[in-house]
Structures are given as structure tokens and as C-alpha cells.
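Every chain is named by a letter (A, B and C) in the order it is written, and numbering of its residues begins at 1.
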Amino acid sequence: MESVPPIVKFTSLQKRYGVGPVVLATIDLTVAPNDFISFIGPSGCGKSTILKLVSGLSPGSTGELTVMGVKPREARDRQAFIFQDATLLPWLTAQLNVEIPLRLRGRPVAERQTTARKMLELVGLAKVADYYPRQLSGGMKMRVSIARALTLAPHLLLLDEPFGALDEMTRNRLNEELLAVRAVSPFTALFVTHSVSEAVFLSNRIVVMAANPGRFHAEVAIDFPYPRRPDLRGQPDFQAKVNEVTRLLHEVEIPPSS
Amino acid sequence: MSSYLLRLFFAGLALIATSGCGQKTPAVSASGATLVKVRFQTDWFPQPEHGGYYQALAKGYYAAEGLDVEILPGGPNAQVMSSVAVGRADLGMTNGDDVIVAVARGVPIKMVAAEMQRDAQGILFHAEHPIRSLQDLQGKTIMAGAGSAWIEVVRQKLGVKFNLIPLVGDLARFVNNPEFVQQCFVTNEPYFVGQRGVPVGALLIANDTYEPYRVMFAGQAFLTQHPEVVAKFVRASLRGWIDYLTGDPAPANKLLAAKRSDLTPEFMAYSIKAMNDYQLVLGNAAKGERAGLLTAARLTKQIALLQEIGVLDKPVAVNEVATFEFIPAQP
Amino acid sequence: MKKHFSVLTWLLPAVSGLIFIGLWYGVRVVSGLQSWILPTPVEIMAAAVHEHTRLLAAAGHTALGALGGFLLAAILGFFTSLLLGLSKSLRASLYPWLLMLQMTPVIVLTPIIMLWAGPGMPGIITITWLISYFPIVANLTQGLLSTDMNHVALFRMCNANRWQEVLLLRVPAALPYYLAGLRIAATLAPIGAIFGEYMVGNASGGTGGLGFLVYSYNTQIKIPALFATALTSCLLGFVFVAAVAWLNWALLHKWHDSYERADH
């Protein structure tokens, strides 16, 4: 197992915009296949920047970053991004939105339609395939967004606070569904969130980050086996992990001077 | 869009416009001979003041000369002289003064015959108003076209002082105010005001001091290349005019009415009568005038006058503004 | 509540309209003005009926000019905006010139248009185009620049090429802006065509447009008919605006937030 190449590897990576302040101080991280890593930390800690770097939307300044052994941009075909809001195109139906990644790669219409239909079924939205985004609830929109990201069966999924705008019940349900989808269509995930319990429920590793400059503060391993069931949230072990991460977060959120 | 692209676009439009109304397939006369295409630009919407040309067209005078004449309607801002100068039309008609000024500014056109011996511009007043001559305008307020040459002539040569208000072409104002005096065409406005039951008088502005022609003119290039066509056009047009004003005007009037549904027979009859009463086209035989006649003496006098009142900024020779070779000999 | 409101939306303009017409008659009676100075609505309607053949023919002529100019503006405006919206350097080099052209009153350009485009329909279409072109360009360019950055990122993540980004993302996203520009242009196009007829028309083809009728009726002091011409122009304007409003509805009502959701 040691010989399996990493999905993502940060080596002494640093990021700053021009001559501005350092956004990310030296980062070292190795993401193994099938990792589900959550990044959690105060705002300004650069957790979203990590996803931008991996996706190739933003280049690193110094150090090295490889994604599936190549430069981030070259690995785009094997990764997908899920944004903070669902970023559905409002003029397209749910079905056509899910087809977009296939369409942009020039796949034939028939393949586009069957794949998109299958993805919508996977997230339980087959019956609203012809609805426009504004006819869908927030949770449904996010499910469409997940379906769209999975159409190309990516090895790596980058999620930037995808459930941040949803109420807690919807968020919990979507967390469960995300894991269910992952069981069918496996992917490695880098997940940015503000919610400790969400991070604990989803991840096998949690990276707690600090701000000014953005850096890794601590890493917590969450070794509950997958598949995880909803009642995991009520167990004392789960609560202990939530408490541990929360404590680490307090360390970085309270300025050392005060 | 840059001005270059804009110009290109306009050039394209102009091309469409000219190719649309210009290069048609040659028409064929009754005798079977091919007719020469001639485009004649008028200065306004079709009206009885263009009657002679339409009469020549309707009665086949042009065709008899071997010409296939297309009369292009004008309108506001018709720019008759520019149209002819750029070759969108071969010949045109307008005020003689304007041709003199244009030639002096380098526009390549030349008068080839008179259309009217004197311009139809007049002063319109209520019958009860005491105006009977241009001298009576002293101290009055007149609604008139600000750029008109006659205003300067009356002011400078006749020493008559009056106030001007801009011409907006709203006769309702005139009808409503018995004191109102305005510029008009003697062939036109008096009829419509009379229709409203208001007794009016009209005074022709042309006088012994200031007597502008209305003229037919041709583009220089066309004149040089096709003098015989110009001669035929002038001959047929004058024949049309004489027939229109002394014979039965019905053929031309029918064409005019087809082009403009608002021209009533009564109005056209009025215009024809005015053109005759004021001897506009056929002229005053007692003074040696006749249809089509342009004289070097009168043009010379006119050029001098325009220069004197400052309308013409540099001298221009008579033979630059007009050619007399197409004017028919004394009948 | 909703029903109550919809009754009011009809009732209030009807009442104010009646009051206005009443005042109109009042002024006419009290002032003793003649019909050719202030015609009554009935006299205007009578003139409209009497002149309906001419008014309809003229409206048709004007509609043709307005449509020609409008379509030209819609098409040229679309491609101009693409150039401006997608290339920063083109935008920088062309926008000042466009603004200059827009700032120039069309009336000043009229003689030049006359000379280049020629009298009659070509001139009328050019003037209509000039008047309706800028709102389209301004709106659509703004729209092309307002694409959601997350959508752009999504397309980049999918390795979309420049054309795909333009055709599948930026243009559809800017559609509401384009239609807003077209709506403004639709109100301006008939005005532009009538102005064009009034400035460079030549009444060719046996019938002038509404702009020509203004000359004709004014010279003949047919003032009620002049008011009827105004009414006809107004109706023509409504037809244009309604047509674009319909287009707007047809293209947007399913997905755009400016239309009420069907299921709510």
C-alpha cells in the first residue's frame, strides 16, 4: 500500500498574491487515494485557497504541488469542483445542467443524456430533471451540483463549503447522501467547511488551520469506519472527536496576545 | 465602432441605395430603340412645382427623345446638389442662388436651363394687413428661414429693417393671428390658409433688384460625357412644362396624385394658376423672358448681388455656374 | 387582495383618463378655441377614421423603416458587444469612439447620413439604427462583463475553450441584458423612423410614412389629423414594445427571476 502514488502532494508550498501578504505559509500535505480530508479554520486561514491551488484556478508561488502526479491544470479531467453555492446555470434545466461537463468535452448527445439521467437518479432527483434551478429548493440545487460534478467520475472532488447555506437538517441529510454517493462512485475528497460536526461525520482526516498567515495547525484522524450511519452523531466517540476539534479551533481563534 | 467602420457601413448603404435606384436594365422605347437612363433629382416631395417634368414623363416627351427618365422624389434635407455632385443623380433642380454658391465652393455642377424665371418664395399676410410691397415690412416681425438670401437683400439693398423669428412651418399660428407675417411659397400656403376661410394676400419676393432663377442643373462629369442627353432632357422638360401650364395638366397630376395621396385636384389647380399668374415658368414676354431662358446678364447681376450681401465669399464667373448651349432658341 | 389590486390597475388609469378628457373638453369650451387649434378627442377620432387608409399605409411604411433600423441595431449591436465584451483591448480602443458617436446628436449627422446613405428608406433606416444601437450595445456589453465568476470558474474547471465559454455561458447569461437593451431600442425605433422620415424622407413608393404625414397635415392645417397621426405613432410604438415584451417573456419566463414562478 505504501507504493500507491498520492492523489495530491504539497511540498513546501507557499502562496502570496503578487507582493501582498502571504496567504499560505509553507504547506506540506500528502493526500492518499480515498482520503476524505476536511479543512476547518477561522476565515482568512486560506482553506479555500487550497482548493483553488489544487484545481489549478490559482497558481502556487513557491514550492511544489502535484495532483495525481502532474501539474494541477493537467489533472483537471480527473477532478471536479463543487462551489459554495450550487452555481447552476439558471437558463438550463437540472438535466441540462448536469450535462454541462460532458457537453464541454464534446460528448455525443445520447451519452450526455443517459449519464446525466443516471447521476440525477443517484442523487434522487430524476423526477425534477426538467425543472429550472429557480424551481428547486437549496438542498435540491446542491444535489444537482453534486450530480454534475460526478458525471465524469472524477478521482478527486473539491468541495468549498457546499452545504454552508443550508439549514442543519438538510445539511445532515446531504452529508449522509454524499457518503452514500461516494460508496457507489468512489472519489477522494478535499472538503472545506465551518461545521465541526460535518467535518467529523464526513472525514477520515481533519486539518485545523490558523490564519495570518494561513497555515496548518493540527491534523486529527477520524477512524470511524465507512459506511457511517446517521446514529453515529449520537455516540460518545463522535462527540469526543467534535470536542477535540473544537478545542483545537479555539486555540487558533483566540489571539495569543490577549 | 470606429469612424472608419462607420464610413464603410455608410458607403455600403450608399452603394445599395445607388444600385437600387440607378443601374436598371435599359428600357426600350415604342420604336424599339434602347432608351438612355437619366436620373433626375427633385428638391421636395412630388408636387405641382415639379409638374412639367411629370407631364413630360406622362406624355412620353422624354421617351420621344430616347430618354428613360426617373424622377427621384426629394424631401426635407434633400441635398439635391450633393446628390448630383456625387453621381447619385444625373441632373437636378433647385434655386439658382444655391447653385451659384455651391459652384463657388467647388461643387462640380452647372446650370443648364431655367426652370422658373423667378423663385416662388413670397410673403404671406392676412388680407386686412396693410403690406403691399417689401418696403412695408419696415419694423415688422416676420417668420422666415434664417439663411434666406432675400432677407439680406431686403435689409441691405432696400434698407428695410425688420425682426426675424425662425420658420417652423406651422400655419396654424398664422391663421390665428391677423398681425402675423411669414415667408411662403405663393404656389402653396395661400391655398391652405384660404381653405380655412381666412382671406390672405401673398407678395412675391422676387423684384427688379433680386430675381433668382429656379434652375435645372447637371453634374459636371455627366455634362462633359453626355451633352446630347442633357440637351434632350432640357428640350423635353421645357416641352412638358409648357404643356403642363397651358394644356391639360391631367397626365402629370395623375402621376403626382399616385405618388402623394394628399394632393387634391383643387390644390394642384391652384398651384398651376399661381405659377401662371406670377409668370414663374413661362416668364414675362414683355421683358423678353421665356420658358427655360437663362441670361448671362441676369446671372452676372445675381452673382454680384450675392457677393455684395456677403452670401458669396469669393467671386465666380458666369460660365462657371452656367452653360447656355442647351437653352432652346427663340421659338 | 390580489384581485382588488388588479381591478385598481384598470380602474385608476380609466378614471384619470376620463378626467383628462373632461378637462380637455372644458378647456376647449371655455377658451373658445377652434378645432384646428385644439381639436376634441371626438374630432381626432373622426379624423382618424376619415384618414384611416392614409394613416395605415403611413404606419406600415414607418413600421418597415423602424423594423429595418431595429433589426440592424439588434444584429450589429450584438456583434459589437461581443467584440467589446470579450476583448479588453478592443473595448479600450473602441469605446471612446462609440461614446463620441453616441454623444453626437443625430440631427447634426442628418446631412451626412443624407449624403452617404441617400434619401428615403436607406437614410431612414440609418437614422433609426443610430438611435436604437447604443442602448443595445451598452446593455449587452455590461451583461457580457457581468458573468458570475463562479460560473466562469466552473467552465475553466471543465477545460472549456473560449468559444464554449462565450456561446454556452456568457451570451446566455447576458440574454436578459440584451433583451433590456432591445426593449429600450423598441421604444426608440419607431421614434427614430418617424424622425428619419421627417428629416430625410422622400415619400417614395407612393406613400410616405407618419413623418411625412406630419408635413402634409401641417401644411394643410389639418390639425385633428395631426393629432390622429400622433395617436397612430403611439400605437405603432406600443406594437413594437409589445413584440419585444413578448420575446422577452418567451425567452425568460421559464427561468428568469423577473417572472413569477409558475408553481408559487
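The rule is simple: a contact is a pair of C-beta atoms (placed from the backbone, for glycine too) under 8 Å apart; a residue touches a chain by one contact, two chains touch by 3 or more.
Owing to the predicted nature of the structure, the values given are computational and were not obtained by experimental measurement.
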Checklist entry - With chains as vertices joined when they touch, what's the shape: line, ring, star, complete or other? => result line
Checklist outcome for this item: The larger set of C-beta contacts, choosing between A-C and B-C, lies at B-C
Checklist outcome for this item: Averaging C-alpha coordinates per chain, one finds the centres of chain A and chain B separated by a number of Å equal to 82
Checklist outcome for this item: Distance between the CA centroids of chain B and chain C (whole Å) is 36
Item to check | Interchain centroid distance [CA atoms averaged], chain A/chain C, Å | outcome: 49
Checklist entry - Multi-chain contacts in chain C: which residues touch at least two other chains? => result none
Checklist entry - What part of chain B is in contact with chain C in the complex they form? => result 1-3, 6-7, 10-11, 13-14, 16-18, 45-46, 72-79, 82-83, 86, 88, 169-172, 175-176, 188-189, 192-193, 195-196, 258-262
Checklist outcome for this item: Residue set of chain A touching chain C in the complex reads 55, 57, 76-77, 79-81, 83-85, 87, 89-92, 100-101, 103-105, 132-135
Checklist entry - In the complex of these two chains, what residues of chain C are touching chain B? => result 36-37, 53-54, 57, 76, 80, 94, 97-98, 101, 110-111, 113-120, 122, 125-126, 198-204, 206-208, 212-213, 215-221, 223
Checklist entry - In their complex, what parts of chain C are in touch with chain A? => result 148, 150-151, 153-160, 164, 168-169, 172-173, 175, 254-257, 261-263
